[in-house]
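Same chain, two partners: subunit A is paired with subunit B first, then with subunit C.
== the complex of A and B ==
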């Protein structure tokens, strides 16, 4: 009897230990990743300062020059432009769904959004090549008198925008749903029209939430790799317009890792690119989480 | 419409989807008096009040039929601009919901919406209405602060000032003291008694004692129906003086009375 009890005690202790270990692994995972990347990139960092690497656009791995500037700027272009496209669409859609549409429309939209969010990124890439690339080169660019293959920053941004829309939209719908009816009623009872109420009260109340939705969108967009890589052109040069090819950081890593590692420092450089990416995404995620928490506090 | 009657509700029926929430409601609300709508939770008091303000419009699956006359205008079947109609009524809800802006702008909101934007004019009005709501002294040095920083009691008075600022004829108050401490509650009650000189006040409550303290006119609701209404004195003090064919309803009222007394 006593032995049995000890056995059971021991067993539950073991289960507990495993649970704690799993939890610790998950909690530590980001740190392990970050440290791994840092250790790998330290070789390059010892040779050149981070500043030098970040603000030089001289990318000649064979002669040991690893300037990340054109990649970083490509990343910024693609991310900012995709947000510029996706942001207003999401904002208007979320307002319509939560304030104008019938209930069943929202009920239909939820699974549609989930499906969009679940589609593998390579499919968006193929869609970009088949539809957006020719669309840009044949119809959009000629309007501005520009000749292009269609593999441009703009193409990447459009594909990326479509990919981040479900994530931003999901959060925005929740943000708008959280706003209490009584607040809108207060505004209406003071003589405001429905649109005035949305403009002056609802959006203002939802503002922190809207910003944090954008923040999460940015951190997704910044790190998205395959689909962008397939349509953005991948030319290592600082882009000066949306109809030029770009070469964002994730595409750099995905395209080159494992191929030219015989070149000295190359893998260290790619690891540093990954580390930069990792930090930017981490910071944006962190900031948007803080904003979400703050907006929840305000609305409650 | 008879003289001295401000709001007249006739055969009002309201459905939320399949839920029949207001059933053949007929209510008379006298001018410049405090009318208290009394009844247990969920009987449709809030809904009745929102219908008077056409706030039920914002819910997608609501069906309303009947008439509500305010100053002889049937607001349920009117061509008039609803926003103008709503400005005739100030609304106080169960919990204060200050607009997400500073104290000054909360009060200025309704004025600006109706086109009054001059700073000097606004400054004067805002002081006037905040004073009227007994809030001026407490906030005059922090008008630019966010309204959510105020205490709940102060917020409720701010909501009152905000409602008064659009110069309504009617004040609709839905359990305005239920989130407040006793002292703030009393302040609001006293304010209402003072305000009834110039305003018609409709007050929803489920607190019988509050009704007894300040009501001039009482409407009893139960499960979506109005089962009794009349001057407070008659309802509270002479409940037997009613016609014989109402015996059944009287029974249910007695049960209600009883339930309320126990709950208090």
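== the complex of A and C ==
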């Protein structure tokens, strides 16, 4: 009996140690990630300042010129445009689902959102090539009198918008659900219509939450790789319109990884690109999460 | 003025209805366009054979290497993530349950990690691989994907364990069991269907991600027989076949896309069934 007891407590001890070790692994992970990428990019940063690299569009790896500007601008275009498409759709749908829709609509929409969120990015890419690319080159571009292959910034943004919709929508539904009923009732009892209540009370109250849902959407869109890579055209030039090909940062990393191994500086440049991606995403995530937590505290 | 307010509401209600329908339509469009384009090229040969000579010029063979490779990779990564992830989720909800601030900080941290793009994990995994002197291999892929899915798995498990009532913890402790016994015998059992959902979710992420394995697993026409061999994965096989100029190869990419989509749909449905089961067995104190 005594031995059994020791065994039990020893086992508990071992479990506890493993739990703490695992937790440490997870908590250290982002730091190791950041440091690892930084160490690799030092080589390039010693030669040129970050500022120089970010504001030069001269990308000729073989002669040692690594200007990230055209990639950064492509990333900004694609991200901003996809948010512009996905944002209003998510906002409208979230209001519809939380305030107007019947219960069965929600019951359909939950699996729809889940499945959409679970579809692998390569499948979105295939869909983009099958549907969006011909759609853009055959129907949309001719309206503006432009001839294009269909592999454009706009195509990438549409595909990306569909990918971030389930993500933004999920957060937004939660945000709207958290608005206290008393608030709406007070507004309704003062004679406001349902829409006025939503417009002037609910949206205003949910505003920080909405912004942070957008922020998380941005960080998602910024790092998305394969799907965008497949449809965006990948031409290393500063894009000046939505019907031009772009070359976002993640696509740059993915496309060149195989060939850069022989040139240490090239390797370093791509690692720096990954580090930039990492930092931008972390900052957006951080700010959005803080905003969400703040607004949760206020409503509670 | 009065009328105006209702017209505006009507207008936005139509818009709202339209955008909700749009989302459903887009999902249906994605699934149907993949099936429409891929099903004609899908054959038993595609699923049951590895690429033969000349496969990439449209000759016979299939993508069995990629299917098996993807399964090896995701099962390996999910298991590894489970071994690290489950204890952390239990630790947060059984040991740290009184330290609300600490738990919330950990959650915040995990949410941050959750958002890091998989390509960053891929680049990092590649660096580690070079540093350790490994070659592109199944093992390197498993490690990278594990890092990528751990935050997802822990956070999903945590959401489930959060709903296990505090009373259950108190009861178990007052009957003399240790905290780790409470964790592994009571919490685990109570939350198991929900935990299965979390595991399936992570598995789906692992099998569908391409960017993190692009540099770490390599690509081969053979089914790997050890952890140190390079491995083909389904997303990458779709990606590579699609970039070929030959039409038959492209059609095979669409057929492979059907295979991947079907796998993902099955996982989604299973996850949903288990989460429903969990809802049913939930206790309310």
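Observations
The rule is short, and it goes like this: the second predicted complex is superposed on the first by the 287 of 300 C-alpha atoms of A that agree within 3 Å, B and C clash if a C-alpha of one lies under 4 Å from a C-alpha of the other, contacts with A are read in each partner's own complex, and residues count from 1 in each chain.
Note that contacts are C-beta pairs under 8 Å (C-beta built on N, C-alpha and C of every residue); 3 or more make two chains touch, one makes a residue touch a chain.
Treat the numbers as computed from the prediction; the structure is a model and nothing was measured.
In the three-chain model built by superposing on subunit A, subunit B and subunit C fit together without any clash.
In the superposition on chain A, contact of A:205 is made with subunit B only, not with subunit C.
Applying the stated contact rule after C-alpha superposition, one finds that A:278 touches subunit C and leaves subunit B untouched. Subunit A has more of its residues touched by C than by the other of subunit B and subunit C. Contacts of A:194 after superposition on the shared chain: both subunit B and subunit C are touched.
In the superposed pair of complexes, A:253 makes contact with subunit C only, with no contact to subunit B. In the superposition on chain A, A:45 contacts neither subunit B nor subunit C.
After overlaying the two complexes on the shared chain, residue contacts for A:178 are found with neither subunit B nor subunit C. After overlaying the two complexes on the shared chain, residue contacts for A:126 are found with subunit C alone; subunit B is out of touch. Closest approach of subunit B to subunit C, taken over C-alpha atoms in the A-based superposition, is 9 Å.
Common to the subunit B-facing and subunit C-facing surfaces of subunit A are residues 193-194, 196.
Residue ranges of subunit A in contact with subunit C, taken from their complex: 8-9, 11-12, 15-16, 18-20, 22-23, 25-27, 29-30, 33, 36-37, 40, 88-89, 92-93, 95-97, 100-101, 105, 108-109, 111-116, 118-127, 129-131, 162, 165, 169, 193-196, 216, 219-220, 222-226, 230, 250, 253-254, 257-258, 270-271, 274, 277-278, 281-282, 284-286, 289, 293.
Remark: subunit A residues 102-103, 180-194, 196, 200-201, 204-205, 298 touch subunit B in the complex. Within the complex formed with subunit A, the residues of subunit C that make contact are 5-6, 8-9, 12-13, 15-20, 22-24, 26-27, 29-30, 33-34, 37, 83-85, 87-88, 90-91, 95, 106, 108-113, 115-124, 126-128, 147, 150-151, 154, 178-181, 183-184, 201, 204-205, 207-211, 214-215, 235-236, 238-239, 242, 253-254, 257, 260-261, 264-265, 267-268, 271-272.
Against subunit A, in their complex, subunit B makes its touches with residues 50, 53, 55, 58, 60-61, 83-84, 86-87, 89-91, 93-95, 97, 99-101, 109-110, 113-114, 148, 159, 162-163, 166, 172.
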